[in-house]
Amino acid sequence: MKREQLTEKILDIKREKGWTWKYICEEIGGMSPVLVVGALLGQMKLVKPLAKKAAELFGLSEVEERMLNEVPMRGAGTPMPPTDPLIYRFYELVMVNGPAWKALIEEEFGDGIMSAIDFNMEMVREPNPKGDRVQITMSGKFLPYKYYGNEQGIPDYGFKES
Amino acid sequence: MKREQLTEKILDIKREKGWTWKYICEEIGGMSPVLVVGALLGQMKLVKPLAKKAAELFGLSEVEERMLNEVPMRGAGTPMPPTDPLIYRFYELVMVNGPAWKALIEEEFGDGIMSAIDFNMEMVREPNPKGDRVQITMSGKFLPYKYYGNEQGIPDYGFKES
Amino acid sequence: MKREQLTEKILDIKREKGWTWKYICEEIGGMSPVLVVGALLGQMKLVKPLAKKAAELFGLSEVEERMLNEVPMRGAGTPMPPTDPLIYRFYELVMVNGPAWKALIEEEFGDGIMSAIDFNMEMVREPNPKGDRVQITMSGKFLPYKYYGNEQGIPDYGFKES
Amino acid sequence: MKREQLTEKILDIKREKGWTWKYICEEIGGMSPVLVVGALLGQMKLVKPLAKKAAELFGLSEVEERMLNEVPMRGAGTPMPPTDPLIYRFYELVMVNGPAWKALIEEEFGDGIMSAIDFNMEMVREPNPKGDRVQITMSGKFLPYKYYGNEQGIPDYGFKES
Amino acid sequence: MKREQLTEKILDIKREKGWTWKYICEEIGGMSPVLVVGALLGQMKLVKPLAKKAAELFGLSEVEERMLNEVPMRGAGTPMPPTDPLIYRFYELVMVNGPAWKALIEEEFGDGIMSAIDFNMEMVREPNPKGDRVQITMSGKFLPYKYYGNEQGIPDYGFKES
Amino acid sequence: MKREQLTEKILDIKREKGWTWKYICEEIGGMSPVLVVGALLGQMKLVKPLAKKAAELFGLSEVEERMLNEVPMRGAGTPMPPTDPLIYRFYELVMVNGPAWKALIEEEFGDGIMSAIDFNMEMVREPNPKGDRVQITMSGKFLPYKYYGNEQGIPDYGFKES
Amino acid sequence: MKREQLTEKILDIKREKGWTWKYICEEIGGMSPVLVVGALLGQMKLVKPLAKKAAELFGLSEVEERMLNEVPMRGAGTPMPPTDPLIYRFYELVMVNGPAWKALIEEEFGDGIMSAIDFNMEMVREPNPKGDRVQITMSGKFLPYKYYGNEQGIPDYGFKES
Amino acid sequence: MKREQLTEKILDIKREKGWTWKYICEEIGGMSPVLVVGALLGQMKLVKPLAKKAAELFGLSEVEERMLNEVPMRGAGTPMPPTDPLIYRFYELVMVNGPAWKALIEEEFGDGIMSAIDFNMEMVREPNPKGDRVQITMSGKFLPYKYYGNEQGIPDYGFKES
Amino acid sequence: MKREQLTEKILDIKREKGWTWKYICEEIGGMSPVLVVGALLGQMKLVKPLAKKAAELFGLSEVEERMLNEVPMRGAGTPMPPTDPLIYRFYELVMVNGPAWKALIEEEFGDGIMSAIDFNMEMVREPNPKGDRVQITMSGKFLPYKYYGNEQGIPDYGFKES
Amino acid sequence: MKREQLTEKILDIKREKGWTWKYICEEIGGMSPVLVVGALLGQMKLVKPLAKKAAELFGLSEVEERMLNEVPMRGAGTPMPPTDPLIYRFYELVMVNGPAWKALIEEEFGDGIMSAIDFNMEMVREPNPKGDRVQITMSGKFLPYKYYGNEQGIPDYGFKES
């Protein structure tokens, strides 16, 4: 059994039952919808108690439940560059704005990155008379580049230099 | 003259003067720092009053000022996939979470995309005892796919179906 | 079940019945043929009343009908660059004329894009003694780049500057 | 001298003079603006009388004038997939709608293509209270696939079969 | 059913029967062998009378016969660059000689292309004491680039300028 | 000095003098125009007597003359897939017809290839009331795959099996 | 049936029987092991007498025997660049030494190539106290580039110039 | 000035002076040689005191010293897959062993990654009678995937589940 | 049977039994866990005694046991660049640090590479109050580039020059 | 100074002097021509005594002599797949024969590779009445995959199993 086969099965059941993601996430609970949906689409792991709930909801076997608890080969199945317009717009934001983000984050925080692992994200509908908006709030831990081998006590390695 | 030559010149002056992006953005003002920095890096256009201020600040010629006011060939100069770790982490977020974002946005809004054009974004430092975080808030207008040719008055085209 | 399997099934039925796309679009109605055919080929969504009609026409199950109502992963299945000569010619038009289109649209409308979402298109046969022509009329909403953060009231952001 | 150097020189002069493409096309005249701009950007050829006018307008040497009259290596300099959002939207239209266009054109015309050579195109602003639209009208000669070797008089080769 | 499955079936029957392409082309007739073989390999369409003959020869069902009459997604299944040495040599000829062909054709005919649609081709064995040769004769209609928008009567657009 | 710099110089002189390829090939003579033009464009070698003539015609230095006599790094400078429509059409012919050519050549000649090295080619204008045609005649030596190690005298290795 | 399915079947039988390639090549005989193994792996053709022997050895059907006698689509199934370290090392040799091989072969032989078709190769174990070595001897016919169109009797076309 | 120009200048001085990296790293000190060399090759940042020392050693201008203190666009200039055999071997280790590393790290640590940012590395020569060895010790902080949105107190998110 | 099918079967059994890799490696023993896991994931070979143990543990057939003893097509199934974040971080380390590793290894050892074949590796958890770390120790034999053809006794070919 | 600039300078001098590679290799001596030519083309290192001789022959500066003694970034400048027919034929040999070479080498030697580092090669002209042949003899040390962690004394790791 491959993870993509489990994903296909889950989507078949969702379609047959006529469930929404909202309903599914409420039933499974315990984590942000982006993570729960990501796991059901084969990109994230469900921790044991949530995998159990998901298995009950979808009527999965014990082996399938265990697969949901495994860390998948992330990124599999998303062509890059994305062909789907909705996903492509995010890709374009990275391509066009990436250099400016780099300049501003490094000036504010020093040499390092925003973690994509210690990271969370929320998506909400922002009502707007000119057309509602998608609002996304991301928060990732800043991870400073470590400059090891500093036996001479030079200060501020990897953090913004004062 | 190519836009990338102007970008190189601007970066040379910034380095020589020892200016920060913060200082530059305050001097030019009028738009979000992401846009101003993006323009100086050759990815965005500066409207005329801002191009004028930028030209004064950097001591640019009139022709260079006009070039800042032109829409550049966006995306030029950013290799994809990004080789730089800071920019790559955003790319990875799109690749890993793209399918979940698609599922949740389409369930909430119907068939369409989050605009990358009618879009704004703010980045702030989020103090945190375990290590400060980069917080990014994005807001993009939802653009519903238009289903034209609907002479029969079928309701709810391109919006979330009730 | 994957969308491409549903597409293959629909094409099998069309072939068996000897139907034309014209006949199919008239039966399903309600939207432009490009959209209806696109949906049956797995690139577009059919809204509920049309998915229902399509299901009746092709004798699809309720689950298959629901799948037609889902937003597909657009762009899947079209190799780029296109290998098929008919599709490649459009790709070539973009590659060769893209820079000129960009220059002219930006001069006329300011910084922004022609939407590929709020977009419609019509294709007609243009009789011509030297050989009939394919006439395509496209109309996409112009979306100006938003220059947010404009607290200083600088006019004309994102629109053609006067 | 390379064509891209001539293009850069022409853009430098346009910027210095503050000319619009509209003005330039009116001065050169004789062909559609898409073609004239395309030629000045290094994607098309200007026939001799127009190359002469362009040379006069931009103060080009005789050798540069001759270069404008040469057929360039088309497509050079446009990265594919396009990184610029304005050009990418057209690319996306081809990728998402290509299969449907193929189905409909082949049903209407038979086996063949829409020429990208015997082709014309017009772009106009379509005023609209919800936001003006870009309207593009394309017309390309349909070229039927020739099925040679037909010594047996089978009718309708390469045209729509009745 | 996919076209590649029909191709595989046809090749299985050919192998089982021990038929040559020569025999098959004589039985089906009506078009050049390159076209008939191309259609049976899934790259071309067989017009109705030939699809009928092919169906009789291979014992195909009516639905399979109709599929042979459909225009396939051309180019599918040929990796580019070609991995097979026989096909690669043609690819190499285009890569190495392309620029010279372009220079000579444009000098002789003006701005345009040799059609790959209104095109025919013959392949014969050329006996030669040093080793027989493959002789290929191609003939494609020259299609001049149309320079539309010529309201001023400038002559010779798209044809060789005198 | 790089070969592409020599090519650029030769094209500059050709443009300045207003020479045609026809004139240049007649002056240099001795080989087919496709080869002479290919050499001047940096894809072929000119043997010594022709390199001498070319150097005299273009006023090249002795070192440049020697460079024309060197075998260049063939294929450099032609993007693949070709972006130029004229060259792309040949590429498309290979992609679409490659499998049929392979089937027919192998049936006629046995296992092997048509040489792209012991190869010649002629291009002529084929007058035609419906529009002149480009006629290309290619002739390449058939090279049978050698099946070495045949100590047992099995006949017909590498040639068409009778 | 596809060639890769036949390859898989042959490998299954080899594994089940516990045969070595050495044993298989001795049983089939008649050609170099590289060719016989290449054919069984789907990259070469077995001439009829050898295909017959292979069919007897592996207990193949008559249709499978005929498939072994067909020229396969060579190169299918080997990713390039090779991911397997053993194959990659050869790829690396070509990449790193290619330019030197080109310089030396052309100086010795003139303009042309070493044939990959009229080519043979032997691999032997070279005992060595520091670790045995793989010795490979290749011999390919030199094929001089033909410079056709030489009506003027210029000597030494395509051979090393004296 | 571009970072790669500074790198070229530094390498020119190193060559002229006949310095070793060992000498350079001792002179600059303060960080691991991998980091110092990385910075001089344009892949890392030198903190201010080290940039000062480097500038003194190489006789750089103040502006060049500041550039050494900037975070470069990492990864620029290394083709991937690496063409150089020394670098490629590391790439191959990742490609061949990546799946096993993933399985073992995730089993030991839970869902997460080894940081490439909070990371250090030491390289030493390991004397060995059969040939000395390169010994590399890497140590990267394990970063557990954060499963946010856990309002229900489910334990062990992002760490190895007990 | 393909190796990837055997891998899938082994993973299915592991999941069903609830075994850890630690348990599996202890049962099979005899080699480092990275190698054993690599073999079970289809990237390495298990020598006969270990293949036997693995077959007993997983209840495999004799043919499957033999397949485990075969050298697989290494690298198959790992997309490059890696899409999975855990594997990508190693890829990034190579891309960013590759040039510095090359400089330092070559200075210490001379011209050559660190073998990826005569190579071993250990991974351990490094407890750390700020968060445990993944420690990886690699040791690869240095392989000096051999400069053959040295009949003149020039010393130190391929080793660090003194 | 970049290595490719030094290569260009060396080729300019070679052309000006009218030297052959044979002459150059005899003058420099000490190593196989493939290595000496490779070094002069920027793919190999010349050890000090040979770099000295090369510098004297070409009249290079001391700094240029040192650059010849550096290990270059190998593989730079050779496009892959190779566009040049002479180099491509070797690439094709790897692609088509790679799987058979792998099967035969592994059967003879066990799990491992033929080194591309401890490797030598000789190229000679093989006179032949049907056309001279290029004969290449390669000899690379076989490097067995090391299966470390073998505390249990299982024999024959990494060597052919008896």
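A, B, C, D, E, F, G, H, I and J label the chains in the order they appear, each numbered from 1.
The rule is short, and it goes like this: a residue touches a chain if its C-beta (ideal position, glycine included) is under 8 Å from a C-beta of that chain, and two chains touch if they have at least 3 such contacts.
Everything quoted here is computed from the prediction, not taken from an experiment.
Path length between chain D and chain H in the touching-chain graph (shortest route): 2.
On residue numbers, the A-H interface is repeated by I-J, which shares over half of its contact pairs, out of the options D-F, B-H or I-J. Centre to centre, using the average C-alpha position, chain B and chain C are separated by 26 Å.
Look at where the CA atoms of chain C average out and do the same for chain G: the two points lie 47 Å apart.
Annotation: 41 Å between the Cα-based centres of chain B and chain I. Within chain C, the positions touching two or more other chains are listed as 33, 35, 73-75, 78, 80-85, 92, 95-96, 102, 106, 112-113, 115-117, 119, 121, 143. Applying the touch criterion to all chain pairs gives A-B, A-C, A-D, A-H, A-I, B-C, B-D, B-H, B-I, C-D, C-E, C-F, D-E, D-F, E-F, E-G, E-J, F-G, F-J, G-H, G-I, G-J, H-I, H-J, I-J.
The part of chain F that touches chain E in the complex is made up of residues 20-22, 33-35, 37-38, 41, 43, 74-75, 77-78, 80-82, 84-87, 89-109, 112-116, 119, 121, 123, 125-126, 128, 130-143.
The touching residues of chain G, counted against chain H in their complex, run 81, 83, 85, 88, 92, 95-96. Residues 29-33, 35, 44-45, 47-50, 69, 71, 73, 102, 106, 111-113, 115, 117-121, 143-152, 154, 156-157, 161 of chain C touch chain B in their complex.
Within the complex formed with chain B, the chain H residues making contact are 1-2, 63, 66-67, 70, 73-76, 78, 80, 116-117. Partner chain H is touched in their complex by these residues of chain B: 8, 12, 15-16, 18, 79, 82-85.
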